[in-house]
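Here come two complexes built around chain A, the first alongside chain B, the second alongside chain C.
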Partner chain A sequence: MKNIIFSLFLTLPLLLSAQTDEEKGAQIVAAAIEADRGFGSSTVDLKMVLKNKNGQISERTLSNKTLELDEDGDKSMIVFTSPKDIKGTSTLTFTHKVGADDQWLFLPSIQRTKRISSSNKSGPFVGSEFAYEDLSSVELEKNTYKFLKQEGDLLYVEQDPVDPKSGYKKRIAVYNKAKDYRLEEIEFYDRKGALLKTLTYTDYKLYKDKFWRANKFEMVNHQSKKETLLFFNNYNFEVNLKEGDFTEIALRRASN
Partner chain B sequence: MNQLKKSFAEKWGSFVVRHKWIVLLVSVVLAMGLASQGKMEFDGDYHVFFSESNPELEAFDGLQEKYSKVDNILIVLAPENKEIFTKDNLIAIEALTAEAWNTPYSSRVDALTNYQHTRAEGDDLYVEDLSYMSENLTEEKISEIKAIALKEPVLVSRLINEEGSVTAINITVRLPGIDSATEIPEIMGATRGMIASFKEKYPQFDVYVSGNVPLNTAFFESSQNDLALIGMMFMIVVAVTLLLTRNIFATIATLVVVMFSIMSAFGFIGLSGIKLTPPSSVFPTMILTLAVADSIHILVTMLQKFRKEGYGKKEAIIESLRLNFMPVFITSLTTVIGFLTLNFGEVPPFWHLGNITAFGMTMALLYSSTTLPALMAIFPLWKKTKKSEIKPQPSLYTKLGNFVVDRPLQLTIISSVFIFGMAILALQNVFNDQFVNYFDKTVKFRTDSDFINDNLTGIYNAEFSIGSGESGGINNPIYLEKLDAFEKWLYEQEEVVHVNSFAEVTKKVNKSMHGDDTSFYNVPTNRQEAAQYLLLYELSLPFGLDLNNQINVDKSETRMTVTLKNVGSKRMLDFTRRAERWLEDNTPDYMNAIAVSPTVMFAKLGFRQAESMLKGNIIALLLISIVLMIALKSLKMGALSLIPNLTPVIVGFGFWMLYLGEINQGMVVVFGMTLGIIVDDTVHFMSKFLRARRELNYDAKDSVIYAFETVGRALVITTLILVTGFVVLSSSPFALNSYMARITVVIITAALIIDFILLPSILVLAYKKTTTIN
Partner chain C sequence: MNQFRLSYFIFLSSFFLFAQKNKVDTDLEWELNRESRYFYDSAAYQDQLTYYPSIAIRPTYSLKWNEGYENLIFSAYFCLDRDSNRTYWDLREFYYQKAKNNLEINIGFKKVFWGVTESNHLVDIINQTDALKSFDGEEKLGQPMVQLSWFTSGFGTLDFYYLPYHRKREFPGKKGRYRFDTVIDGNDVGYESKQKAWHPDFAVRWKHYIGILDIGLSYFNGNGREPFFQFDEQGNIDAYYPLIDQYGVDLQITAGALLLKFESIYRDAIAQKFFAFDAGFEFTFTNIDKNGLDIGVLGEYLYDERGDWSISGLQDDIFYGIRVAFNDTQDTAILAGGIHDLETNTNLFTIEGSRRFKKNFVVSLETRVFSGISEEERFLLFFKQDSLINLSVSKYF
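Moving on, here comes the complex of A and B:
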């Protein structure tokens, strides 16, 4: 109930336009975050397909667990299931609303967990066109915003990363107002302001009547002409994960 | 036949004179019409030197497709205090590095300060900039950074020199490749602006710039520069024409003819969609040089008939056309054939040069036989009262003729020995296509590159894409060990400055995974371990500094970049063959790789060009000899003409051995090109010789003297004009053009001397017997 009031409070002003574009942008993003609030935890299997300019392909598969947290950013765990050489390698990430995220990696070959200094999270994720920062949970505090335009139900919001180590100067995200502010597309602009990548979300499904999840992410790098596809399978919102499932010990266990 | 041709030339002449205004109007419309289609576009991308089917280009493109297609700008900083590792200098480097990310189309910036240093602290792995927020550095931290940097094999001799006094920032750009004429200047403009404001803020640095993008810029700028040589040539043409004709209207008419020819060639460029490159941008000077000779021949005869032989103006024009039409037609035809053979070569800019000039020359023939007489018919012409023409001129040529016919055997032997000696010398020339050396020391790109080469790293490189035989196989310890062994072998080669190998990355991470224990600076010994370390390392890298430029998508191949010393194309190719051989002998088949890079492409280009031009040259020689046989109506003369046509090139390259001894791909084309030009001398001389024998029944000796008297002066004049034109071109700072022009000067001069000494001697010897029989 409190949530509904909160979201009303946030979305109502959208109808009025006596506000700056900055406020309006922030409110759209807040509305999107709010609409996705309350899923608790989920698991999903992913297939990642990397393609270069010539259409040569490379695949990786992984599974992901996410725990929603209100007071701070989400916690997540990724376990690689293929290729063979990195099977069982897993990462644990605590997203923070402010400051650098915490990240650990468990390496089954040496049975050791290593902490990664994750001030660098702008690099490509396992050689793909996704940066780690593209995949981590959306936190309002990580950007400044600016509403750009509305086309039908689509709202265009510019997001400027606060982190100086981000690989981007800005992103232009497209939210679908008619579908609970789900994301339809994001354009990424590099540090010099040139269009770098476009991420398109397709095959959306509605889970638990509330949570929109795209089953396919398509990231195209316009500069290198490479692309990466992410296919999501077996979404499960009934797993009831706890904080105890996101510890270093759990990380080690998860790899088997 | 002869009668028919003559009457054709006469008819043509009368027609032009009668319809002078219409002829003029039509030629103006034609020249303007063609010029309106003209387009002056430049292409400075070094790729233009390679045809699409060039195997080295294909191999290099193949490698770039696997990783990422890249060009670069290397900015080198040399601080006055010769010490990179001070707080102020590190702050400056960090600032410039940050600024460099704003370079248009940049995808990556590698510098000393943002080098991703890996270190371990307990179970924490830190991958971070070597010098971040340098303003907060303590003295202690600075010396720590220095110690790390000067021990890091990835950095030393690549981004920092061994002494720590010179450093580099390498900006990688991804050119969209849609229009190099806008992309490259855009990048260079931004880079120059950035450097200018950097120098203003940090005056303690000397800045040097090299790399592919500046190379392309240098190509652009040299195209524009060489195009401008036309201005100097125009002034010379005006002076020469004035001197030879002593008539302002004749000079104007000549200028109109050459301008129309150039305008038409300009239209041809637009219609055929050619983009100008340094070799093809000399076309106006070429056309000017070659076309002016046609006009001068026609004008000089005309004025002589008018001034001295009492012809009326119209009659003088018609008579001049009658006498000159055939020689001018033949010389134009052979020149066109010569230039068209450039199409046999491997290097597209020279195809363009050949085709543009061939078209321009065809049009020059047309204009000098139409516009020129029409204009002269229109312009007023006064008979000068003072007949001040000096007569003794011919006696010089008569003397020379007498000198030659008195000792033909002696001269033939001396010449033959000389030419034989030159031939031996000519074969000692070696190919050297080092693209930096294409520019002389007046070009900043050259001096900057030389500095970088002498003080930091190498400008030339060779790259290998080394496969592991399977997906993910780059983590196979056997592969990594072989890779490491190859790197070690490479460092033992004296041509090698630096090796950038993936093996270094695995060693570095392996060390950090073992608490920075240097005894673990080895390639990992377990495949899973290597793969997982790599995953960890990749997760730790920031934007733009990933490994995608070193590892392919499939993790089945890695790229090894070997930086080479400035040792000349021949030794570089020798090195690549040894390296390829080492891989064959010491690694499994799937690890065998060939060396690719622009360096290798250019190094092999001279050989390819020579190989492919050989066929073109033989065809040119055959075609031109056939033209000569038909024109001279003599098989024997056609065969004899081979000697004066072939030997000047031999002499040219012989001289070159004494002058430089190094030849580039641009010089390979001179044979076909000069053949079409020097054959003119032979044609003129032989035809006069034949006329004396056939029409005047002279014996061989008298025929030679007759030839000297009638065409001696004309040959000297054309040679002078041609030499002047090519001397102008040889002032180009761009070696493909200046070397070509310089050797052409030697060849053309040699041709004249051979035509005055060896050719008449041979003619006397060859026709001695037939005379007695007659």
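Moving on, here comes the complex of A and C:
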């Protein structure tokens, strides 16, 4: 009996045709999260190309490991491989669905591990046009949502960050319904509501017949005229990483 | 020398180990460093100089196989300086590492850091300080060891260390700065232990984190890393390495942008028993200019029961500092601060700045100013003329 009432509750929103834009927005984002569930763990190499407004270029390379967790946010590790003076500098992050993330930084020159604050959401990640919050894992709880419009297979959803420390008033994200709700583009609006940045996802590839990964991210800052390109190489979904690969010992080892 | 004997053994055994595996990643990297140390105050002692240019080279070679679960790391350091004692080489790292499940073993010369505070590193004891290279004790000599690490998610990390050989601290020569009026020959410093440098030392450390709290507890038994100094009636220095037991605790609370830090040790030797601690905070204002500028404010209080017999001179002192990070593509950063002695009113000021140029040059500028060194300072008084400006350029390739 209990089960019948419970499932009635679940299906009730679907039965009602008068769904609000807020509900529809949240539903699209939930569908996108659901479509990406079950990858387990992955590794990837990244090249970051930073362009300033005069077109001068500098590069960084890094590698990334991610472990998917259901009960809480993902665990991830980043190791810088260039420029050579920061080679081996690495971070370990435990993201949480609720509350601040836990983060450690390893400095290879003095072999020191430091627990660092994760409260810097809006600051740039290593001089790039990506803010820390742009790179953290997607959790439904972090925003409120509003469906805006549909153009063909593309669904436009406004996301308003819940965290007052976020650098954005809103984001407009474009999901592709025909491709498992993968992201095609995000527009970022600053706290004053002015358009700040546009992130475009291109060169998509399908891994394990299920997971879409863009091999190129292009972030353009419209206010500073600076640009950051991220190129992803050697995606590996077969690594089968464990929790033991995301510890302080593993952080030290990964910097080698 | 023992360094060679042990190195040879590590090399042979690890060669045998990785010879049977297939995919091996190798990486060779060089750092070439040019340093210009300029001491603008006239020298306190005869033969000391004002300008010390030096060149150093640090090759690092690494072999990685078994998907990174096995590594062989080699890193050496060679420095050429006008002070003959500062012309030296050291095997910074040369070890074999293997991880399996929740265990990791390391055999060879290695560097290990313990602790959380910024102005003093009380808990950190595994490696000998490279006193020639760094006044602040951040540079270390490679330490031969067998390290076994064990991790469980509910209990944190346990590290066990067997340290078969003690490395002596080296001191500047007669031409060098940061020396006493009499020149100490590092080799003349003896041991309390009959086994001398070959006394087997042991250490264990437990490290865990619970929410916002990071905690470390440590114990060390063996030859102390810091020499014990005595002065005879003629004022001559007599120094030796005592056998010590050292208990350490380090704590950090990470509450948003505020970090609270605490380190404390109790060291027990026949000649001396003492307690010391370092407690402080770091608060960071992030992205102030909406362009990535971070400014951190630091403060620490330092206590050492040895009083003026504390070699660092940090017996009742306040450290204050400001850390500026621009978060730009050149990783520009500045750290400025000072240490004020609450008893003697001695002041020490430092400013360090660094920035990357082109792809592979890093330029750093450091100034260290000794100001109003009190006559009561037992060790620091010897260095009162040793304020410096240091320009360092490193090339990586």
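Throughout what follows, the second predicted complex is superposed on the first by the 239 of 256 C-alpha atoms of A that agree within 3 Å, B and C clash if a C-alpha of one lies under 4 Å from a C-alpha of the other, contacts with A are read in each partner's own complex, and residues count from 1 in each chain.
Heads up, the rule we're going with is that a contact is a pair of C-beta atoms (placed from the backbone, for glycine too) under 8 Å apart; a residue touches a chain by one contact, two chains touch by 3 or more.
Keep in mind the model is a prediction, meaning the values are calculated, not measured.
Chemist: Do chain B and chain C fit side by side on chain A after the overlay, or clash?
Modeler: clash
Chemist: Mind telling me which of the two, chain B or chain C, contacts the most residues of chain A?
Modeler: Between chain B and chain C, the winner on chain A residue contacts is B.
Chemist: Looking at A:Arg253 after the superposition, I want to know if it touches chain B, chain C, both of them or none. Which is it: first, second, both, neither?
Modeler: Once the two structures are laid over each other on A, A:Arg253 reaches chain C alone.
Chemist: Can A:Asp102 be said to touch chain B (first), chain C (second), both, or neither?
Modeler: So A:Asp102 only meets chain C here.
Chemist: A:Asp85 contacts which: chain B (first), chain C (second), both, neither?
Modeler: both
Chemist: For A:Ala194, is the partner it touches chain B (first), chain C (second), both, or none of the two (neither)?
Modeler: A:Ala194 contacts chain B only, not chain C.
Chemist: Applying the document's definition of touch, where does A:Gly38 land relative to chain B and chain C: first, second, both, or neither?
Modeler: neither
Chemist: Tell me which partner A:Lys53 touches in the superposition: chain B (first), chain C (second), both or neither.
Modeler: first
Chemist: Quick check for you: in the superposed arrangement, does A:Ile116 touch first (chain B), second (chain C), both or neither?
Modeler: In the superposed model, A:Ile116 contacts both chain B and chain C.
Chemist: Between chain B (first) and chain C (second), which, if any, makes contact with A:Gly244: first, second, both or neither?
Modeler: second
Chemist: Given the superposition on chain A, at which of 111-119, 453-461, 705-713 or 723-731 does chain B overlap chain C?
Modeler: That would be 111-119, the only stretch with clashing C-alpha atoms.
Chemist: State which residues of chain A lie in both footprints, the one left by chain B and the one left by chain C.
Modeler: The answer is residues 50, 52, 58, 83-86, 110, 112-117, 119-120, 122-124, 126-127, 167, 224 of chain A.
Chemist: Note which residues of chain A are touching chain B in the complex, please.
Modeler: Those in contact with chain B are residues 50-54, 56-58, 80, 83-86, 89, 91, 103, 105, 107-110, 112-127, 131-132, 165-168, 190-192, 194, 223-224, 226.
Chemist: Under the definition above, what is the set of chain A residues touching chain C in their complex?
Modeler: On the chain A side, the touching residues are 50, 52, 58-59, 83-87, 100, 102, 110-117, 119-120, 122-124, 126-127, 167, 224, 239, 243-244, 247-250, 253-254, 256.
Chemist: Inside the complex, what are the residues of chain B that reach chain A?
Modeler: Contacts found on chain B: 65-66, 68, 101-107, 123-128, 174, 471-472, 475, 513, 526-533, 535-536, 538-548, 551-555.
Chemist: Which of the residues in chain C end up touching chain A in this complex?
Modeler: So the residues of chain C touching chain A come out as 29, 31, 62, 64, 67-69, 71, 73, 97, 99, 101-102, 104, 111-113, 116, 138, 140, 149, 151, 153, 157, 207, 209, 214, 252, 254, 256-259, 284, 286-287, 290-292, 294, 327-331, 356, 359-360, 362, 394, 396-397.
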